[in-house]
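Here chain A shows up in two complexes: once beside chain B, once beside chain C.
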Partner chain A sequence: MIKLPSHLRSRRFWGETAEAYLFLLPTLVVLGVFTFYPFVNAFVYSLYDIRTRTVPGPVVYVLEEGLDSWTNLLARGRIPEDLVALLEKRGAKREDLWVRLRQSARWVLKDEGNNQEYILIKEGDKLIAYQATTQWALDPVGWSNFRQAFRDPDFTKALFNTLKYVGISVPATLFLALLLATLLNQALLGRAFFRLVNFLPYITPVVAITMVWQWIYDRDLGLLNYIVSAVARLFGTKASFFDWLNDARLALPALIIMNVWRFVGYQALILLAGMQGIDREYYEAARVDGASGWQVWRRITIPLLSPQIFFVFIISMIGSFKIFEEVYILFMGPGPQKSALTIVYYVFTKAFDSGHYGLASAASVILFAIIFALSLFQLTVVQRRVHYER
Partner chain B sequence: MRRMLVALLVVVLGLGGFGQVTISFWHAMSGALGEALTSLVQKFQAENPDVVVDLVYQGGYSALQQKLIAAVAAGQPPTLAQQYENWTTQWLDALVDLDLFLPEEVLADILPQFEQIFEGRIITVPFNKSILVLYYRPDLIPNPPKTWEEFEELVAQVGKDEAKGVYGTAYRPPNPEIFLTLLHQAGGSILSEDWTKVTLNDAAGLEAAEFAARTAKYALVQSAYISDAVQKGITVAMWIDTSAGYTYNMNAAKTAGVPLSVAPVPCYKNCASMIQGTNLGIFSVNQTRAQIEAAARLIAFLLREDNIVYWAQKTGYLPVTKTAIYGKLWQDYIAQRPEHKVMTDQLLAGGFGQLLHPKYMDIRSLLITYWELLLKGEGAPKKILDALAAEIASVIGQ
Partner chain C sequence: MFSAQGTAIYRVRRGLWSVLIYSLLLFTAVIMALPFFWMITTSLKDVYQALRLPPVWIPNPLHWENYVSAWNAAPFGRYFFNSFLIAITTTVGEVITTIFAAYAFAKMNFFGKSVLFNLFLGTLMIPGQMLLVPSFVLINRLGGYNTYWALIIPWTVSVFGVFLLRQFFRTIPDEFWDSARLDGCSRIRYVLQIAVPQARPGIATVALFKFVGSWNAFLWVIIMTDRVQLRTVPVGLRYFMQEFNQDYHLLMAAATMAIVPILILFFFAQKQFIQGVARTGLR
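Moving on to the complex of A and B:
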């Protein structure tokens, strides 16, 4: 007989475990329905060609006699008597039967009472009645959706744009956040106020922020161009107009600037909390040894802050790969010449503008694979360089 | 006591709703357009007390399209919805054949310019239809251009000065319908008549593309509506835009304190102008026959002369039936309103609609991509057209 470890044998252990799972249940249900189920489905759908249509199911009847007159009647939305009689045998009521739609040599007959649909198809000289089963048509296509994605110039553009966005905005935000946190860590007047101000962009809804930046970036009335022209006037030169939202070269930078601004305060706050958790003794020891401010920052603050830096880096990288709302609102489209088309935006338009669900799912699986691989790399290789204070 | 009152209320409400059929109607009409639609639906309900219309504003066109795609996929579409032709091609199976439910005379009354046959079926009817016209500043352009040549000359005369905010004309990349109008005027088309070949990059297409590229040098090119720029005080001497933008453009000009007028689009080999705007279709999925019949009654009501004319007057859309457009109500109205007469004449002279190809959704998104390249001078027109044609060929070949 297998002997369980002592803690697994106690009643209290199982009672507490059950209680814990009970508390977890609501979260698990919500996550299950809205996260895990769609997540798994995206994998499945990426291997299918998915369309919505009424699909013929099992054959119900084969009608052979008087086909011409039947097709004529059906074409006018009337149901031939013979067919009514046949369906009545299956429990249908005459007044519940009607032709729902027709398409070339194909009709859909509805039995409203039994909530049943039949597809009538003319094949040769026979009229075959199928039971209509589903509105989803899933044809397995193997990896063809993935191949199609990589062949689609829009997808490669989206991939490239997203990588560029992540590659610039994540390090830039982190660097500025580090500087900001260092500043906020000094004893300066009104420190609490500045901390609040820096956190505000993060708690403001992204839609509101993007609308404001839309104005800031406006070619004619925008704040940014106003400042540019004012500075130009100061130096007596002619101002050039930056068309942030309509120039393909400026759209992605505009997106990056906005989001760096949006996240820098939040990241600074996390880093600041980390800085304040560093034992003062290290700094005092360094001062006794005559270390300069830069040396203290470089040799003590940064290494001891590495867990927080690492956390912020991973979280912001994953978040940046998923950028979508800002593009959708700022450019009301994928940006000039699709210069701000990102992977999630591509997924969204493929699914909800053109109904290519399989292709959209494949693109989202590719995005998942990229994020997964990069996170794995960071958790294994990069994390080795992180100092955890003992 | 309170419980009894509640029970009584439930009974009364239940009786009140007895025998009524409820239909849902999804639309994308905001502002004054939404108000006009609401009042038409209220009038319908007063005339048809057995029908309750659940009128749902879904946001802009793209939001409506996205919601419809999801709703059809989930098998829960509304009874009735506004839809563009290229959306309709994605859910042909989910729509009712309207000739089964609408009286023949209603369908026969629709103007041929708006006729829509999808794979031999009539599944939508035109509703809010507009046409491209020329908006111009009479203070800068006293005589609006009648030909491409005059247009190009005037545009160059006004020129382009970004610092001062002055432009000869304006184009929007998301609006490739202007290119299609030029293409038709040059005698070209996207596809051959049997849809087997791409003809967009032949001689006629090149003429249209080169004309657009030449005039785009003096144009304000932006994704936002041109009225946004006008409102900010930017000077655009003239631009081609939909008649549905009439109220928006006029209000923008008023805000900026500048005059604005409407003329027909300049012509080349013919005076074609593209029709835009949506149609109405009834979904059959998850609907009872009573709901479909009620929706068909609402369509027939909306296509009645008095209602069409009311709708057109309130919105700047065009009457869609012969009875309405040639009828006394509309003719008297446009006799007083020269701008609406221009729009009406433009429609009758050269209105043409969307290509009803099942892949038009994808074709249009390619048109947008390459129209933008053309407007921004990213390559020679010939090269851009050839690349576009190759991509369209691969889309229709799939």
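Moving on to the complex of A and C:
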């Protein structure tokens, strides 16, 4: 007979357990269905060739007479009136309907308004209209998706571009954020105003603000090229016009500039909060010892701020690996000569343009491996730091 | 009697120093604000002014009718309705689920607590983009393609929010609950009436960031829907951009409209926003 620890035997403990699970139920259900289950499936799908198939579902209508006139109409891409009337009863609009031959004696009828497909099949002397349903087909293929990804020049390009983007934008943003936070920390007057202005880019919708930047980056009429040439004229030289969005060498820099602008204020705010949490006594002690401003910053502010610096570094690194929307809007594609193709962009196009879900899953598993390694690194390093403090 | 001169030099140096600091801060502020300024002024120009270089900084007269033209050029009414519907429902949903889950982790003892807690912590490492394909398959199988619930239900929980509120609930003394229980108060009532008011700043942070996040969401929406009737503002904006790719005055008017709700929210709740961000770093 196993003896349970005392707290596991009390009725009160089990009562509280029941109540706690009631409290956790909504979160657990949604998290289970929409996070844990897809998470496991991402690994499963990466080992499968997975595609969709449209197959006939429930029967909508059976035509038993006048088959020939129907097939004649269908052959010319027209939909028989009876069927149109029927579909209109189901909420379709005439102008949203179109039909095409899929294979011999089989047509696909699409209702664009309701996004519903129907399949018309000639069976004997009847024509049967089915409501189409989508079926998922899974065939195990082992590691072939991973092999295919690494052999695909697009994937290696995406990986390389993403690494380059992360490698430049993360340190650049952090460095500028550190400077900005230092300045904000010095300014007493109007700090609220400056904080506000710097924070704005972070909360505005990516799509809207990327649209503005696309306009700013325009080769002939954009604001950036205008400013660059104005500054160049100031120094007596003539600047060539940069084709930010169509030059393969400039696409990634354009992306980096925009995102440094977007995130620098946000990061500075986190760092500023950290700076304000530093005990004044350290600064006073340093002043008594006659330390210069630079020395104070270098020897007191930065080391005592290291938890926040590290935190910002890791979250921005993880976030940067996931870049997608900015590319999608700014270039309306993967950029000139795919120079701004990123990992998530690759996943997106492979899955939702080419329908190659298995390959897309393999690519996203690779993305996960990178982010997981980074998170693990953060956890272990932060843990160690906490141990040192105690 | 040391160095009246030294003090003077010190003052001059300090003065120069703050001039430098403020000019740098102003310079940054201009860079930060310029794209917004550019967006708004362009949205008030006519076609010719919008494309003119050197740029017209302040258009005269102001073409407010651009907003009407942009609004009428696409079903923006529908887009805004969808965005508000989704942002409000996900925010309310998340606040409710998060409060109870956070309270359970903060104040209750139950079987499997540490396992669950670590499981929750683990989800923070999962990049959402990794779940796109399996979620797409799942939503399709559940018949959720092109439905509102597919845009709402998966976003009504937040592990991050649970951790944030948990911190607030932990600071409430246990004696409160002990005495409330003696008075015959149920746990749910206690949470709603006593614990929630204590965590108000945390709840405000969770709600604000959720609302903004939902309003700005793009990738999930374009994957889970393809119907015009279900487009949210960012998705609609993207199609608008494709259609009117040279009419910058209209594009900028549309972009401004998409940003305005967030700006209004931000101006009313700046303090909560800023504190919320500061809090994420302090932990």
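Please note the rule applied: the second predicted complex is superposed on the first by the 268 of 390 C-alpha atoms of A that agree within 3 Å, B and C clash if a C-alpha of one lies under 4 Å from a C-alpha of the other, contacts with A are read in each partner's own complex, and residues count from 1 in each chain.
Quick note on the criterion: a residue touches a chain if its C-beta (ideal position, glycine included) is under 8 Å from a C-beta of that chain, and two chains touch if they have at least 3 such contacts.
Here the structure is a predicted model, which is why all the values come from computation and not from measurement.
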Fill in: First, second, both or neither for A:110, with chain B first and chain C second
first
Worksheet item: In this superposed model, does chain C or chain B come into contact with more residues of chain A?
Response: C
Practice prompt. In the overlay, answer first, second, both or neither for which of chain B and chain C A:283 touches.
Written response: neither
Discussion item. After the superposition on A, what does A:352 contact: first (chain B), second (chain C), both or neither?
Written reply: both
Discussion item. On the A-aligned overlay, A:24 touches which partner chain: chain B = first, chain C = second, or both, or neither?
Written reply: second
Practice prompt. Applying the touch criterion given at the start, work out whether A:221 contacts chain B, chain C, both or neither, answering first, second, both or neither.
Written response: both
Worksheet item: Which holds for A:297: it touches chain B only (first), chain C only (second), both, or neither?
Response: neither
Item to complete: Using the touch definition from the top, say if A:336 reaches chain B (first), chain C (second), both or neither.
Response: first
Worksheet item: Between chain B and chain C, which residues of chain A are contacted by each of them?
Response: 52, 136, 221, 332, 351-352, 357
Worksheet item: Which positions of chain A touch chain B when the two form their complex?
Response: 52-54, 76-77, 98-104, 108, 110, 112, 135-136, 219-221, 238-239, 241, 243, 245-246, 248, 331-333, 336-338, 351-355, 357
Fill in: chain A residues touching chain C - in the complex, by the definition given at the top
7-8, 13-14, 16-17, 19-21, 23-24, 26-28, 30-31, 33-39, 41-42, 45, 50, 52, 115, 134, 136, 180, 183-184, 186-187, 189, 192-201, 203-209, 211-213, 215-216, 221, 223, 226, 261, 265-266, 269-274, 277, 308, 311-312, 318, 321-322, 324-325, 329, 332, 344, 347-348, 351-352, 357, 360-361, 364-365, 367-368, 371-372, 375-376
Practice prompt. Spell out the residues on chain B that touch chain A in their complex, using ranges where they run on.
Written response: 62, 65-66, 69-70, 72-73, 75, 90-97, 100, 119-121, 162-163, 165, 173-174, 221-224, 229, 232-234, 284-285, 288-289, 361-362, 365, 369, 372-373, 376, 378
Worksheet entry | chain C - residues contacting chain A, complex | 18, 21-22, 24-25, 28-29, 31-36, 38-39, 42, 51, 53-55, 96-98, 100-101, 103-104, 108-111, 113, 116, 120, 123-138, 140-141, 145-146, 153-154, 156-157, 159, 162, 187, 191, 212, 215-216, 218-219, 223, 226-227, 233-235, 237-238, 241-242, 248, 251-252, 254-256, 258-259, 262-263, 266, 270, 273-274, 277-283
